[in-house]
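What follows is subunit A paired twice: with subunit B in the first complex and subunit C in the second.
And then the complex of A and B:
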């Protein structure tokens, strides 16, 4: 289920039939991602769903087995440097490079590669995130490394941020501060964000598009409003032995039963779904709007195995 | 208070042009700086070794009151340093996989070659310091750099078995030219290129080195056993005979590293009981030039191929 409405006429990120395998394991399978320009696109998926692989392909750190990827219309495989200079990347891994360097030296090193490095903004980020410049990179904790990675990704004000679980390892205080910085960053310059996270709730105020990766497949992508409008929780009263209509079953995502009461999360316009349920013999007692996280998680299996 | 400190942004920025990628000159300058930083440890160890050697020579010089003459010049040391340096240059980079180096906005192959070039800049600096150290040491101890040598050439019909008849030796006066000072630099360059290719092009370079040595040893043993068993003389030392030209041949590794000074001369006992260094030929700089050309070209090609393993690919 993919619905996107490109604003300003373009996509910051677009992939076409992107596939990647590691041996027999399929990490990505015919993924057609569409991230509109200036959107905050939240990518959701369980561990191993292919989120990090997708980010690596966009950075041309991994080569896809099939398909192509574009960032601002540039093919990531053939225009790697031109793509990467526009991308701020926070990798999933929390091990910073060049462990013998101090944070200051590493930032100086990175700055040399970005002609648009904004030193004043970098200083602001350093202060805001509490990065201690004199510390050796090798001696940083996971959270400190993450903070340093955030400075490295934001300091040249890239047009696209690829943030792979950026708040992982941060304490609650710094996590909130990092999100405030991200909001400030978005307000200050036109920026597209593709972010993967297991904490969707903390992006409730920022996200405007959501994509769900499941076993390497992009099973859903749509604007946030559409997601919350079309994925809803239905409380039904059903006869004994009732089964959901076949046409709803592929999207009859989660279901819990208690006697003749059934609660399930279904995808579709509410009126249409209600009519189908009624036609199948169920009485809709209540329809509830879901929080962003619940709506997105509805596409994921309750049993990860 | 958990929000970020206030920053004074200007009006919301616009993005009218695509950001620029860094100039290659800037990348090289930064890689020279960063590689220098990475080589600090190795430089400290080298400095400590040279300091110890200086101390030892000084003590020898004072106690025996003798000077040092560099008549065994050039040494293989710069070549060995060149072969080891790439390990230090690339030690902090994740060469295969999503390493930080590859996330930077520089064409990957070009970036790898630039980093290798940065290491080479430091190598040349190190070799220059090494040569200066040798000259300073020679000067300080009253010796002479590259004094004219009298080489005792062995005539071709003499075999090496048993003591040598002094009559079979012919004295030849040899004066090494100033060009010989270039050898440490070219030797270090060629070995650096080849070793860089190995480090950059393979995930496990050490395994390749150990595997090659083991393969050589095993094949030597196997052919020796097989040759003896089958009574096939040529089979017994086949691996050694195959390898020998590569190391001691006219354009072999020794020609590259020392202009064959190491392999053409050897210590021998004369029939008179005297020990002396005898020579099977006069070192020829023409051979060194060709060997340098061949090995350096091979190194450059290998390095290009190794760097190409990291190329962006799918270039339109």
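And then the complex of A and C:
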């Protein structure tokens, strides 16, 4: 079943033909994002693929050149404020309009703004993430800023979390703690999460939907189970000079020195792929499941350059 | 009970949790009326989607292995014994994975079974406990 109506119920976030250009550079190209309600949707892509632009459009910090974006059925362009109170946003970069405020003061400010601010929960997050309240916002390191932003985004339990590289700059211990807090957060209240990261492996067990952005295009979007079922690593015994069928989108091809063994990542249902391989003269020795990151990489082939 | 997840394991994450609860019942780490960690606790511990934990618990509840005491949490069923049924389910999972792996490698089941005995015998000779531990477990289960 294909959903073409972006206002379709069941999606926390839906974009329709969303495009954005900066000069001659295309940041987003006809993106149809579909984030089901209560999904943990991880957005994958190299730097400059358009992830942050997409987040900014959803927060109405950028205007799209074409297309629309809806959050819980509200148009992000015309209903910006209504959207924002339902969203917890951790931006990739810290824009610092409150640099001279202390963390404590900024948190008070946020608590007054959001009717659903949960003081006890905010205190819990502050302790768990080690936010030092007396520090001035402008003097925080990158990691300290991230921790503060996470408290600001989570403490009112918004229905949607937009997390743009939320663990960037955090040391491994805090990173793990932040993700554990997120998992507990999801257990406490129904929440939709759209999250981008360079560390897909850390979302291995949290993500249930995956989207891959490449040069501004959403080249893949599916439930995680489907991704890991349909993108697998094949170890093949092949005749001399064998080439993988192009329709199986081979990536990461490795050939043994003798040339008879090939390992590659192929896309398709295993049964179907195996039949095509047999027809192409290859014998399947082994098929293995890929980690989320490796499966997603199948849609990000390396530049030939 | 300590649960670990392996993302490269062919089993879905919730099945891995289900299997580990079963294993904990068999090796006595979990016993009748023992409390299980809450969905929230386990999700935080494993950094796993709480829905995955809920799905695992639902499956175990459906099988009568665990039950929910309203407002108190999730517990191992009072009638649970590391019985034949649990043991069968666990062995079956291991066997299924071995058979799939054998077929993928172009091996027949009889040669696989023969080799399992050989490997197990060598393992025992080297002082590893697996085979004898399994046999002891079986005696306890039957007692």
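Criterion: the second predicted complex is superposed on the first by the 278 of 305 C-alpha atoms of A that agree within 3 Å, B and C clash if a C-alpha of one lies under 4 Å from a C-alpha of the other, contacts with A are read in each partner's own complex, and residues count from 1 in each chain.
What we mean here is this: a contact is a pair of C-beta atoms (placed from the backbone, for glycine too) under 8 Å apart; a residue touches a chain by one contact, two chains touch by 3 or more.
None of the values given here were measured: they were computed from a predicted structure.
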What is the contact status of A:286 with respect to subunit B (first) and subunit C (second): first, second, both, or neither? second
Touched subunit A residues, subunit B compared with subunit C: B
Please indicate which partner A:188 is in contact with in the superposed arrangement: first for subunit B, second for subunit C, both, or neither. both
Touching A:25, do we find subunit B (first), subunit C (second), both, or neither? neither
Considering only touches as defined above, state whether A:243 meets subunit B (first), subunit C (second), both or neither. neither
If we overlay the two complexes on their shared chain A, which of subunit B and subunit C does A:171 touch? Say first, second, both or neither. neither
Given the touch rule stated above, what does A:272 touch, subunit B (first), subunit C (second), both, or neither? neither
If we overlay the two complexes on their shared chain A, which of subunit B and subunit C does A:180 touch? Say first, second, both or neither. both
Let me test your reading of the model: by the given contact rule, A:261 touches which partner, first (subunit B), second (subunit C), both or neither? neither
Interface residues of subunit A shared by subunit B and subunit C, listed 176, 180-181, 184, 187-188
Give every residue of subunit C touching subunit A within the complex, in rising order. 5, 7-10, 12-13, 38-40, 43-53, 104-106
Which part of subunit A faces subunit C closely enough to touch in the complex? 40, 176, 179-181, 183-184, 186-188, 201-202, 204-208, 225, 284-292
Subunit A - residues contacting subunit B, complex: 56, 59-63, 72, 75, 77-78, 80-86, 89, 91, 93, 96-101, 105, 109-110, 112-116, 121, 124, 127-128, 156-159, 172-173, 176-177, 180-181, 184, 187-190
Subunit B residues within the subunit A interface of the complex: 2-5, 7, 9, 12-15, 18-22, 26-27, 29-30, 33-34, 37-38, 92-94, 97-108, 312-316
